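Below, chain A partners chain B and then partners chain C, in two separate complexes.
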Partner chain A sequence: MYDPTVARLTYRALLGRRRALILGALPLLLIVISVIVRALVGADDQTASDLLGGLALATMVPIIGVIAGTGAIGPEIDDGSVVYLLSKPIKRPTIIFTKLIVAIAVTMVFSALPTFIAGLILNGNGQQIAVAYTVAALVSSIAYAALFLLLGTVSRHAVVFGLVYALVWEALFGSLVAGARTLSVQQWSLAVAHKVAGGDLVTSDVGLPTATVLLVVVTVLATWYAGQKLRSLTLAGEE
Partner chain B sequence: MAVEHPVAAPSGDQTRIHNIGYRSYDGPRLGRSYATRSLYSQSLRGAYGLGRSVKSKVLPMLLFVVMCVPAAIMVAVAVATKAKDLPVDYTRYAIIMQAVISLYVASQAPQSVSRDLRFKTVPLYFSRPIETADYVRAKYAALASAMFILTAAPLIVLYVGALLAKLDFADQTKGFGQGLVSVALLSLLFAGIGLVIASVTPRRGFGIAAVIAVMTISYGAVSTLQAIADAQGSTSAIPWIGLFSPVTLIDGLQSAFLGASSAFPGAVGPGNGEGVVYVLAVLGLIAACYGLLLRRYKKVGL
Partner chain C sequence: MTTLQIDHVSRWFGNVVAVNDITMTIGPGVTGLLGPNGAGKSTLINMMGGFLAPSTGTVTLDGQQVWRNEEIYRHIGVVPEREAMYDFLTGREFVVANAELHGLGAKAAQKALATVEMEYAQDRKISTYSKGMRQRVKMASALVHDPSLLLLDEPFNGMDPRQRMQLMDLLRRMGDEGRTVLFSSHILEEVEQLAWHIEVVVAGRHAASGDFRRIRRLMTDRPHRYLVRSSDDRALAAALIADPSTSGIEVDLAEGALHVQAVDFGRFTALLPRVARDHGIRLLTVSPSDESLESVFSYLVAA
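Right, the complex of A and B next:
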């Protein structure tokens, strides 16, 4: 199910040249901000929770997920070079699975790791906040990567749709309409984080069993459907 | 293997040039400014998907509708309830809808410049009479105009609605004028930032993500820091932090000079002194974006 050559090519496409720098700039900003906040405020559990929840989990993880998830397959389909990959005797679901693993790894490294470091800087993992948000970032990395990889195979405007989901649905509608929160990767991962942290600093609108089931279902279904889409992929002209 | 034919050496008096009737063009040449204007209007139409496929019309038109519908609803509410004032200031509207504006600039800036880079059509433009500066000016002006249409249309809806509801004419006109100045600056600033980022990458998708990342992450970071500064009671720091993201720049500028109420936490807008810094920052950023684009296309055009 895992093909090292495809993985190597995908890593190169995602992290080649200047791209790794841009991917690295976001986590760096998070760490810089948490250093500033720590210097201004001192160790405060509520501030740490707000910053990690608002900036890291709500904004940074989805954006890195979009870049890594759609970037793993989107550009190849866009410029048509995917036919060279598809004409090799490798199963299409294997290609998707390999690309998914790579996208998950990249999202995790660039979002969960900095979240953990920022959490340590902010309050030294008091009340398990750093660990809780790191777990949430890890869990949501998997779901986001699968979801956005599927978008990459479905649409040429995958990045826009991914961002509309991440920013408009989760942030805007999520804060206005309570029902939208039930269908949000962010809330599902917060449910897992709530379990880890205990207490009431990290809260979620979704229960843990529902969240876990939905996370698994979305990830598996998205991966399976992306494999199906790739099996019947037709290369259209520009737009 | 090519078979070598012995080439008969032509003897001198047999070669001649025949005139087979080709004529050189002696009609009017429309010149550089015409080409620039065409590029401008094509880019402006392209920013709303006109003259492109149906699929690429969907997103810009959808965002345009999303921008205007809340304004129409507000007007309807104001008329129905016979309110003395509109529920939202003209200057505040763009700040509230910033997510939509960011999405628009993120989706249209790369489609305007990245595709030219990817299909290597930039040298073709420069084989016409236009210069690097013309290309940059046309593209910048086109995107800024498109953004101005996007942000000014809801204001016009609000203004017309306010006049129909017989609200105070002088008051509404003043507010409308201030709103127009504010969205004009916003359009120039956002278009500049979007184009600079998009012109670096030939990949459209990557450009979109990079533009939206710059817009939202900087806003997220700035508003988080402002909220913390507000909670800590250091209100003097709030306006200075606001200098570091495009949305808060516009917000601060209009609350200092255009009579808007600030959306900063605690409603602490910059005073006049800090307001000057905001104006300088906005104008400096616009000039810097233009300069960076010129520098980028000096290299990329050849």
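Right, the complex of A and C next:
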């Protein structure tokens, strides 16, 4: 199910110079902001929770997920180099699963890790806030990576669609329309975070059982479907 | 023995028919797939390589379905036309990765790099390669598992003459070894120099099939049209029409030129300068007016 060569190629493509810069910029911004906030406001649990929830989980994690998830396969399909993977006796779902693992790992490193560091800076993990949001970031990394990998497999405009989903659906609609919150990776991961933190600082609109089921279903379905799409991926000629 | 069978294959994209009911059998040796740009060669090769589903019909390799069959790639090597190929890797890393994806190791990769004579640049990044070098590394990646069928889409595009010769030698060798090699090209001379067998595709249809001598004859025997300007068009016209190699001449007053139709290409090209010299006529322009590939091909289709 996991092919180390596919993984190596994907890592190197994802962490190439330009993409790595973009991947690194957001976490850096989060940490810089955290340092400033801590210096100005001091250690405050509510502020820490607001910043980690609003900036890290609602904005940074999905954007990193878009970059890593779509970037793990989209550019290869776009420029046609995916032909070197497809012209091999390797099961298509293996290619997708491997790329998913890579996308998850990259999303986790560039989103969950900085979330944890920012949490430590903001209030030193008071009331388990840093750990709770880190767990939420880890959990949502998996679902985002799977969703955006599928998007990268089926669409040439995956990054745009991904960003629209991440910024408009998750961040904007999520805060305005209650229904949208039920269908939001962010809310599902917050349900898990709520369980970790306890208390009222980290809350979700979705119950833990529902959230867990939806997270698993979305991840599995997206991965399965991406594998099917890759099986019948058409490489049109240039003529 | 590896035989690729294309059986009543059509492929359309929306309302556009790219490949129209083609049936052909590609056997061992070098086969050239010849046709003008846009004729459907790439579409056909993509279907042969299992990267595109035929809308109708089947493509099989020794009886096995090609589409949606990953195992078939143990026998197929593909050299795509597109340039993109993990430019951030070195040539060696790229070929090694391709070998690993076949379950092979660095040794197979090294052998393939030696076959295409790219060892000298194997540790340079692919992004620094010239077009010919890219083409050879692509070739190495396709040869790494010793396939019995090799599919190459416009492999000579952008190569300089020396690189072209090298690749031709290599493909010839592959054919001599009993492999089935199919390459596409829109350049008649390339196909003629290399292919034992030619399949001509024009506007999505299978226009001709056979050995190159037959097809070459079809191409040279067709009537050739020339546009000729001289110091005395009428005198030249009179002298030319007296010879059986010329079947018709039109004096175009508006253009100030002659439109000559020659039936015997070889004889006419020798005749024209001689006649001009004997009559003291200066030739100002001699240009073939229907040498475009499309006209050659459309003639072939009609033949």
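Throughout what follows, the second predicted complex is superposed on the first by the 235 of 239 C-alpha atoms of A that agree within 3 Å, B and C clash if a C-alpha of one lies under 4 Å from a C-alpha of the other, contacts with A are read in each partner's own complex, and residues count from 1 in each chain.
Here is the rule we go by: contacts are C-beta pairs under 8 Å (C-beta built on N, C-alpha and C of every residue); 3 or more make two chains touch, one makes a residue touch a chain.
As the structure is a prediction and not an experimental result, all values here were calculated from the model.
Participant: Of the partners chain B and chain C, which touch A:Asp200 in the superposed model: first, second, both, neither?
Facilitator: It touches nothing on chain B or chain C.
Participant: What is the contact status of A:Val66 with respect to chain B (first) and chain C (second): first, second, both, or neither?
Facilitator: Only chain B is touched by A:Val66; chain C is not.
Participant: Taking the superposition on A as described, I'd like to know which of chain B and chain C A:Ile33 touches: first, second, both or neither.
Facilitator: A:Ile33 sits against chain B, while chain C stays out of touch.
Participant: Enumerate the residues of chain A that count as touching chain B in its complex and touching chain C in the other.
Facilitator: Shared contact residues on chain A: 79, 239.
Participant: Considering the complex alone, what residue numbers of chain C touch chain A?
Facilitator: Touching chain A from chain C are residues 13, 37-38, 40-43, 45-46, 49-53, 68, 70-74, 76-78, 80-82, 84-86, 88-89, 97-98, 100-103, 141-142, 153.
Participant: Over in the complex, which chain B residues touch chain A? Could you list them?
Facilitator: 52-53, 55-56, 59, 99, 103, 106-107, 118, 203-206, 208-210, 212-213, 216-217, 220-221, 224-225, 227-229, 231-232, 234
Participant: Note which residues of chain A are touching chain B in the complex, please.
Facilitator: Of all residues in chain A, those touching chain B are 19, 22, 26, 29, 33, 36-37, 40-41, 47, 50-51, 54-55, 58-60, 63, 66-67, 70-71, 74-75, 78-79, 157-160, 163-164, 167-168, 171-172, 239.
Participant: Within the complex, which stretch of chain A touches chain C?
Facilitator: On the chain A side, the touching residues are 3-6, 8-9, 12-13, 16, 79-81, 83-92, 231-239.
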